[in-house]
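Read through the structures below before going on.
Same chain, two partners: subunit A is paired with subunit B first, then with subunit C.
This part shows the complex of A and B:
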């Protein structure tokens, strides 16, 4: 075994011993993190799934005697769950789409040699570095009925003031707007990198081919940003699923403003306030499935392009 | 198809503190259907000129006429010119067919049914009809190059603008494409402006070539005219490979004098340099006749004296021999002056060895003389009389 790697070795299974040598030698390096990761992440997910099949409530012992999918059927008959799911999807899709659109627009403006573009880039990206707690507080002030900046502006324009946070019909849009403010800078940076990778000749070729600016972007430039769009949207969607922090910080409790309940807030409320542990676990699993459904096509795309 | 006319065109780039003149007062006319090659070293303004023709750069001063309209402020999309880029600039997300469709879709009102046969026909002409459904990343460099050409040709524009389209190809393919491109242009008869830094491409492809240096037009002439009757020292040195040999000389009585050698002039040539005191003496490598001094070994000094007694022959030493197959490039230096080297080409069959002494004969009929200060040609080698009287530039 000691000379297993040597070409003149007379040991028959040279290749095999070679492989196992390397395998054993490297074990020390990858096995501990592998086990830790497996136990604490995937083991915990598995355990959570098992809990979701029980009837557990509270944080006492778990009774594993009867496993069924009752919590899942319960969810689909629960109007709160349906409402939270709808809100999650509205938030996910609107937030991502608007972020991408604004990010693309900003990136194109930046790319067209705006003056001080480095300064602007920092300004647009800055909100992303803030914590959700900070931005939630900030937007609470912005949306304040009596002296929030938004209401001051619209009332000075002659419109009546709005209850941005406490009106259930408005709160989700208000939250989306705030999140877009925070994350469109990220979309911009991703798009800007994509745009900078497109050679100048592409623009020139399209122009001499007779395309005007709109057509040039529509047919030549934006289609080449497909990769940037995909990676930006995956990250944005994952942020949207995590919007719990933001909503939690708006009220400082497990009950978000009426009309802005999403799966994440509902799950935490069920687990820690109403003590429906099994139900919360089921919601958690469904949220996890949703995240997987978002990220899998991206990973497949990356894999197919050989970047993974 | 139209005549393209540049009228005192100047391009200055603003570099913060000072303007950089990229193209300086350039005037020339490119005839309908002509293949004009813009050639010059890097940074001479040839690409900038092409980009001004395409409308990708603004014009600082002067006018560009296409046919009878001034196109200074016409946007690229409205100029009806097609450009082929060095990098090809194919749209990577489109198939070859979509790439070729694009220009027609954007610049004409043709329907998809009308575009389809046009694209197919052009693709067949270029031999890329098999590739129509592929995307650029599935093509070789040569195939991409053809698609880039096809994209320009299918539009049937008034002018083709080509920016070093062959320089990304390997040598063999490049020389094939050179021939093919020339043939194609001849068949299509479309006015073409072709930019290159490669003087071989310029010589072989152009109906006429325009040589630029430092943004200033040096000469517009047919390739042979530029070769045999260069307007100035720059053109003489740029066109031709290996380059012309130059010596800085002083006019003294009826002789040209430099440290290494003295070159007597006949009456006619002496008149040509009447107004100048300093001249640049030029002679092409293939005009130098080398006489092997081997004969001198047999007859000792007798033969040798006979050789150099010709006043236009000089004793030289072979420094380096570069065999090219069909010819040998010989680097020579004057005996006793190692720093004054020059190059001669001889038949590939003849063998010379470094260190050997040879006699270089520089016939007076072959020499070029340029004004030592302005660089302008005061005398070019004699070819037939009709051409000698024709004026260049």
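This part shows the complex of A and C:
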């Protein structure tokens, strides 16, 4: 634009006053929700951080006079914390990866002008609408030693039965399987939307180049699903971080089955059962840091693509 | 769009076969739960088989209902206002940050959206301290709880409603923002040239056009609030004010295997509102999660 110089300079004053008018007019709409949300989200995180620097435990008030990072150093020497962190990462990564793989396969199958595709989608997504508390009840029964479906299936295949929930070596895999059941339909919906956004010409172009179906997916389609993969993984990881409700419901207490303790359950137990509030606050802050490490690149990526 | 060419009949058949088998995978745990809830003895037959005529009972449903009825009522009192309020606030926030376009709104918007991904463990201790020590509504509003039909534990429920509204705002804002971005700029400009104020534009143009997105948001948010356990435990705890997820998580825990019938019946009773909403509005739910 070479001829726009004078136009811009004359427009500038009105543009500026428009901007501030627009800003003032908008305050009424976003400021009240912002204050409410900001207080409970960011205010609470800040307060939580300060509590994590104290020595608070028990039911008394918080003594803010001496602040240090002792709770954090304590965590790294605590085998329970190390174990919960390992389990958190195993859960996060395995659950997300398996959900994405199943979701992608399902979406590719569904993306073929099927009849009843809405019906299939509704059913695959149904478990996601259920509470973790509800699905935990269903899966406790599925994993039951005597008459659970899982043991019925494996013993009909000639294997011996397992104590899925009370065996510390098996319980995390059992939980991951149940969560995959609940959320793989979600990954399918995200991938299906991604697939349907790919222009038809690209399929045809690849076809005329003589690509077979496998190569078509490898070269043309999968690379274009990058955006869908990123958003689905972020959301799935957040769900995995919230698996507290599921684990709590397996036992109905703050102590999850042995072998399935994650940071989310450990934090709540330290806070509301053992009353180590400062320690629990520190674990909460570390979970927050973990979430931040996941969402910061995601939001930056979305912002660059203009999709925020 | 999708692949247009149809596969051969054999492959088409195979595809449908796989998709139908997957229906089994996703529905079997639910079907087994239903069958088990209707059996006198959950161990008597294979879990997926329906009860025989002599083994059929509705007793488990009756027992579960009597233990959950109070919680169901609390959940309704909680979820309906919390859902409506967070949808409304999300809509106004998205309007103020999307349709009304001003410089510097992006950082504010990022703060809203980042709020979706906060692990609640990072706010639980301040949240419980705030409601228990600094703003104990059950004590502060004692005169209100003296009114007929109201009890002090409604103070805890009110605290839980406000918490759910606050933590629901980020996702509802994002849902409405993705919707408002596609509104035509000309339409808003035309209204503005006619001298309409931002309030009038919101009330006369944006809000009426938002009805489909309200459906999506209300359904999604209702499911979220209804299904929550963590906030319910921390803000209200077990007792008279507890939403249904709290007693459900305890149901039958002491009864070992015989208790599974009651557990399954309870799971269905607690899930019924969300299942009904889902069956009626599955399309909107899918839209909500896909955003």
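Annotations
The rule is short, and it goes like this: the second predicted complex is superposed on the first by the 275 of 308 C-alpha atoms of A that agree within 3 Å, B and C clash if a C-alpha of one lies under 4 Å from a C-alpha of the other, contacts with A are read in each partner's own complex, and residues count from 1 in each chain.
Going forward, contacts are C-beta pairs under 8 Å (C-beta built on N, C-alpha and C of every residue); 3 or more make two chains touch, one makes a residue touch a chain.
Computed from a predicted model, the values in this text were never measured in an experiment.
With both complexes brought onto subunit A, simultaneous placement of subunit B and subunit C is permitted, the two fitting side by side without a clash.
In the superposed model, A:139 makes contact with subunit C only, not with subunit B. Once chain A of one complex is fitted onto chain A of the other, the partner contacts of A:80 are absent, as it touches neither subunit B nor subunit C.
By the touch criterion defined above, A:202 lies against subunit B but remains apart from subunit C after alignment on the C-alpha atoms of chain A.
When the two complexes are overlaid on their common chain A, residue A:131 makes contact with subunit C while staying clear of subunit B.
Taking subunit A as the reference chain, the count of touched residues is higher for C when subunit B and subunit C are set side by side. Residue contacts after overlaying the shared chain place A:226 against subunit B, while subunit C stays out of touching range.
Of the two partner chains, neither subunit B nor subunit C is touched by A:166.
In the superposition on chain A, A:148 makes contact with subunit C only, while subunit B stays out of contact range. Look at A:218: by the touch rule set out above, it reaches neither subunit B nor subunit C. Superposed on chain A, the gap between subunit B and subunit C at their nearest CA atoms measures out to 7 angstrom in whole units.
Once the two complexes are overlaid on chain A, the subunit A residues touched by subunit B in the first and by subunit C in the second are 199. Residue ranges on subunit B touching subunit A, taken from their complex, read 54-56, 75-79, 81-83, 85, 87, 89-93, 102-103, 106-108, 151, 155, 161.
Residues 1-4, 6-7, 15-16, 18-19, 22-23, 25-30, 32-33, 36, 42-43, 46-48, 89-90, 92-93, 95-97, 100-106, 108-130, 133, 163, 165-167, 169-170, 173, 197-199, 202, 223, 226-230, 233-234, 245, 248-251, 253, 257, 260, 263-264, 266-267, 270-271, 274-275, 277-279, 282-283, 285-286, 289-290 of subunit C touch subunit A in their complex.
Within the complex, the subunit A residues that touch subunit C are 19-20, 22-23, 25-34, 36-45, 47-48, 51, 61-62, 106, 109-114, 118, 120-142, 144, 146-149, 152, 181, 185-186, 189-190, 193, 195-196, 198-200, 203, 234, 238, 241-242, 244-245, 248-249, 251-252, 263-264, 267-268, 271-272, 277, 280-281, 283-285, 287-288, 290-291, 294-295, 299, 303, 308. Those residues of subunit A lying in contact with subunit B across their complex are 199, 201-202, 204-212, 215, 219-220, 223-224, 226.
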